[in-house]
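Okay, so subunit A shows up in both of these, paired with subunit B first and subunit C after.
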Partner chain A sequence: MSLLPYIFRRILQLIPTLVFILVVVFVLVRLLPGDPASALIGDRALDADVQRINHELGLDQPLPVQFLYFLKQVATGDLGNSLSLKAPVIDIVAQRLPVTILLTTMAAVIALLFAVPLAFLAALRQDGVVDTVIRGVFQVGLSMPVFYLGLVLLTVLAAGLHWFPVGGYGETFPDRVYHLFLPALTLALSLAAVLMRNLRSAIIGVLGAEYVDFARAKGLKSRLILIRHVLRNALISTVTLFGLSVGTLLGGAVITETVFAVPGAGRLMIDSIYGRDYPMVQGLTLALAVLVSLTFLLTDIVQAWLDPRVAR
Partner chain B sequence: MKTVITAALAVTLLFGVSQSALAVDRGGTLAYGRYADSLFLEPVLNDGNVDIWVLSNLYDTLILPTDDGQGLRPGLATDWKVSEDGLSVTLTLRDGIKFSDGSPITVDDVKWSLERAAKPDNGIWQFLVQSIDHVETEGDKTVVIKLKKTDPAILSALTVFNTGIMPKKLFEAAAGATDAEKAKAFAEHPVSSGPFMLQSWQKGADMKLAKNPYYWDKGEDGQPLPYLDGIDFQVIPDDATRILKLQSGELQGAEFIPYARVSELKNDDNINMELFPSTRVEYVTLNVRPQLNGKDNPLSNEKFRQALNYATNKRAIIQIVTHGVGTEMTSFMSKATPLHAGDTPLYPYDIAKAKQLMSESGVPAGSELTLLTLAGNQDEVGIATALQQMWQALGVKLNIQQVDNASRTEQYRAGTFQMRLAAWTDDIADPNEITSYFAYSPTIDAIHTSWKNDEVNKLFEQSQSETDPEKRREEYARIQEIFNSTGPIVPLYETPYPVALSKKVHDFVQIPLGNNIFRSTWMSK
Partner chain C sequence: MSALPSQALTPALSVRDLTTTFVTSAGRVTAVDNVGFDVFPGEVLGLVGESGSGKSVTLRSIMRLIHAPGVVGGSVLWQGRDLVTMPERELRRIRGAEIAMIFQEPMTALNPVLPVGLQIEENLKAHTPLDRAGRTKRALELMDLVGIPEARRRLSDYPHQFSGGMRQRAMIAISLASNPKLLLADEPTTALDVTIQDQILKLILELKRELGMSVVFVTHDLGVVAATCDRMAVMYAGRIVETGEVASVFAKPRHAYTRGLLGSVPRSGAERTMLLSIDGTPPSLAAIPPGCPFNPRCSFATEVCRTVVPPLDEVSPARLAACHHHDRVAAAGSPVA
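Up next is the complex of A and B:
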């Protein structure tokens, strides 16, 4: 059966979601107390300066007029200029978002590399020493605050042993991967803990299923049983969880990017909200919303592939 | 004989050591960790310290500040003279000065740059040079600044970032219709007049400056400055990471070291923990409007404000919050501000006096006050909790309200806040800026408190055109006396700029106004 109609339907569903997000963000950011001009100039702003800046930015127009102007901009692919950075929002997003995408992708890969083999190991040795040790170690990882874990890794592995640079972002791609390894590891550990626990119980559940017993009785090799029957079925719930965790991962990236001095979109978002940089917040939210929606879409597709009943 | 030989040896050794100490190494790129990135590297239109504090490396001014931030020394101009009537300043440009693209810096560039800075409504720093009427040129070396009125601070103003000299033709050729649009386009690839030029800038992450090969000033070795090949400003918002990066040798300098880490870094053998004198003062702003949000405001009572001041143990706060790095304030302006007056700490802790003033004020015990602090700022939370406990002795209940900066600024500007924590640094080596904001009510209602004193207003207006230095000193002494005894603040402390540098770094200075000066900085190999 082809998945194409399903994918097409899901993409169409994305459009109203994104429009809704646009409206919400446009209104929410303006509901925050304080205006961009005051945030920009700060305590020394004179009334005349604030009025002049508000006029230059079109913030003295009624809200509906501002919104229509914003919609027109979005429709033409222009997200306006950042108020504090004085550069097109599109350019800044194009500069900062890939950093966060690389960071979270690396974190997701590292989390999976930890979670899948260890979940198998723990499930197959259920309640044994190995299982207890794995679960114990991950419990610690899960309960440690991200910024603290990051600082510990920085102090020991970077400043102490000099295996990694102390934060920052490199110039070339391999250099960047090298710079982002520690922050990605920091982000990955708590995600890996959640995924591992979920996958472990799923595997235990599947191992007791009749079709596994049947496969064994047929005389299939145990490795084949584990991959084709156990893993595929156990993964369904983990994939959903993984997709949902992307939002959390992006949230964690805000803190990780600050601790590790990574110039990503998370840090930019925080700075822009504090600076009441309306166009920047709007543009960045739109970009992140597209990113998260695409991840959900991808999750759904993978799920539909694992379990074709989903696409029906 | 033995003594003679020993003495000779000692002299030789000493001489040898001082010889090598004199030798300056050239080259190298200094990596410097900053807490936040610059936003808009534009002398006239920038909005704050993140820009101002690095701009002087890019744009030279006609006159340069001395390292203590108070004196003047020749910059792009070799000499200057204020006319007898005080209404014009004649400056002579240095021979052979060039922009970073090798083109000459002309009197036209100077005239245009100064007139642009003085144009009303062009940026928020125009008030520093508002006395400039227009600029005339004579021949190809002389510029004459014509003033609307006498201005005792005009020479100091010519050292300030917004009078940095920019290339007129290139700026005007930049894309855009308005000055603001051209400034934006020009700032992307600026051609500059200072010791360094912008090489690359990945906003929010990393800004690289390279040495300007055409810079006019000479080093100790007779060769052109700067000594460094470049500066790499890296943005590292987290204090702990910035320090770790310095300790691991990836940075050679890091700014804004938290006070709590200063003594630890002083004991680090590889690090020079510098505390540069600054104009930074920390204080509580008190709104003195009789009514706030429909309720009586006890802060309008002068005796009650004095009671709060005497009940505030500044020394304890200095220990708790700045770990002993700060010092007590002796006036509302810092000791590094010219014409600062006062040699004893303001309102030394005296709880008996505080209680007496409290009872004289007639403000009932159990009164509540609300203090705005910046969410997530540990120093402010520390101060606020200390004040909460200290003022309890007067029977005052202090509510702490944590808000973000934009929300706080909104309440501040609207005059609806009751108390807030605040800090200030000067931008000009003159008391006029801080006095205008703090004490002269027409500017911003005395830091939005609605405090007003007619004598202060009159004295300030006089001082703004006072050409007799002694009279001006007296005017400022009186302004400070009045404001310090009846004004709308609780002065807390002054702090230096804490900068940690690798031991290899020499002759870096952050002047009291905050400007980071890398002109003569060098790194030993």
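Up next is the complex of A and C:
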């Protein structure tokens, strides 16, 4: 059965989502307290100057007009200029977003590398010592705030043992991966805890399924049964959870990037919100929302690939 | 029904003292209690009983498919080797290759996320030297053999794209892929429509003849036993209470429970009378009554039945029964004769 028709349908469904994202982004930014003109020229701005700047930015127009203007901009790839960085938003996003994408991808991979084997270990020794220890350690990981965990790792592994840089971002790709390892690990641990718990119970459920007994009755090797029959079925629910967690992961990236001084989109977002950099916030929100939508798309495709009943 | 096949002198499968216990919150439960029977080459043995009588657990214990905390004791001799104690690695070469099993509910026994063709081929990969092309060819043959039309197209289909009957055929194709010598069938027709049931039964009997297999057929349906089995073993509360050739058991049951079961089967052509039912319900396995487990429901029961467990003894040639009053039961005659 080919997945292509399903993927095509799923991509079509992305269009209304994107329109909705545009509306929400536009409205949200205008609901932020304070106005950009004051932010731009300070508290002692003259009313006339504020009016002039508002006019230059088109902020004195009615909202529907502003929205149409916004749509036209987005369509042409022009997201305006950043008020604080004095450069096109699209260029800054193009520069900063890949950092965050690399960071969250690394975090996701690390989380999976932890979660899948440990979930198996725990599930196969259900309620045994290994299971209890794994679940206990991850319970602690889960209840620790990301920024605190980040600081602990930073103090021990970077400042103390000098295994990793304290912060920043490298020049070459391997160097970047090396720089991002600690922040990614920080980000990964709480996700790993969630995924591990979910996958563990999914595996326990699948191990009791009749098709696993049937696979045993066929004389298949245990490893083949675990990977082909158990893991694949157990992953179905975990993949959904994983997709939903990407939003949380991006939220966590905001904090992690601040703690580790990583020049990513998360930290830029914080700075722009404080600076009331409307075009920047708008552009970033848009980019992140599209990123999350694409992740959901990818999740759905992976899920349909794992479970052919989904793509009917 | 035919008599035992001539080569019946040495059993293919010999089950002795098979006992399966589970530790539950209600205490230690014995689901299969000292069960013993033989299966001869080429014969169909029916394992009959109500739900919870231990027939499915018996079948799974033979294949060592009991999950922890279940414990299996006793011996299951397959061509001289004991399946209960043999190492997992050795057992794996017997499972699916020499002894195959089909389950009651094909929807849950087939892996929902793998194409049916792959589920056939992985059996072939485990037990035959066939290469990829050879496996596909054999999978097609098997699909034809079990009567799945358009086999080539259906190899890549998933179980949910099959109808109930076709799914059960697919499961049979998977089980029989490596030409097993013994088929353990756990209520293979219970989940199917009556018309489909008949087709599947015929298919299993046909394949049994063609491949020269023995079959152990677990069922609660005496109609199925009459139509398919050579011999039968009746189970109650985890024990075998009566065994014998099907015709002779039907003609003259020698255990009150067997007699009760036979009386509860509706028959066409018979005078329209009330169906007999067995009073009461089977005991919980955690609270089996002392003496004969059937005594609280038994109209033949006397004082001895409430205190002494009746042994499974030979009561007439080729007939075993575990009943203190098998003579009185036999004298009462069969409700279906």
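Convention: the second predicted complex is superposed on the first by the 311 of 312 C-alpha atoms of A that agree within 3 Å, B and C clash if a C-alpha of one lies under 4 Å from a C-alpha of the other, contacts with A are read in each partner's own complex, and residues count from 1 in each chain.
The rule we apply is simple: a residue touches a chain if its C-beta (ideal position, glycine included) is under 8 Å from a C-beta of that chain, and two chains touch if they have at least 3 such contacts.
This one's a predicted model, so the numbers in the text were calculated from it and none came from an experiment.
Model built by superposing both complexes on subunit A: subunit B and subunit C fit together without a clash. Of the two partner chains, subunit C is the only one touched by A:215; subunit B is not.
By the touch criterion stated above, A:275 is placed in contact with subunit B alone, subunit C being left untouched. Of the two partner chains, neither subunit B nor subunit C is touched by A:27. By the touch criterion defined above, A:308 lies against subunit C but remains apart from subunit B after alignment on the C-alpha atoms of chain A. In the superposition on chain A, contact of A:19 is made with neither subunit B nor subunit C.
Among subunit B and subunit C, the chain that touches a larger number of residues in subunit A is B. For the superposed model, the angle subtended at the Cα centre of subunit A by subunit B and subunit C works out to 160 degrees in steps of 10.
Once the two complexes are laid over each other on the shared chain, residue contacts for A:259 go to subunit B alone; subunit C is not touched.
In the superposition on chain A, A:133 contacts neither subunit B nor subunit C. After overlaying the two complexes on the shared chain, residue contacts for A:154 are found with subunit B alone; subunit C is out of touch.
Closest approach of subunit B to subunit C, taken over C-alpha atoms in the A-based superposition, is 47 Å. Counting contacts as defined above, no subunit A residue meets subunit B in one complex and subunit C in the other.
Residue ranges of subunit A in contact with subunit C, taken from their complex: 1, 208-211, 213-222, 224, 228-229, 232-233, 236, 306-309. By the touch criterion stated above, subunit A contacts subunit B in their complex at residues 32-35, 38-50, 52, 56, 84-87, 92, 95-96, 151, 154-155, 158-159, 162, 165-169, 258-261, 263, 267-268, 271, 274-276.
Residues 39-40, 47-48, 121, 124, 180, 184, 187, 202-206, 234-238, 240-242, 244-245, 247-248, 250, 403-413, 422, 437, 443-444, 447 of subunit B are the ones that touch subunit A when the two sit in their complex.
Taken together, the subunit C residues at the contact with subunit A in this complex read 60, 63, 65, 67, 88, 92-97, 100-101, 103, 105, 108-114, 122-123, 126-127, 156-158, 160, 171, 174-175.
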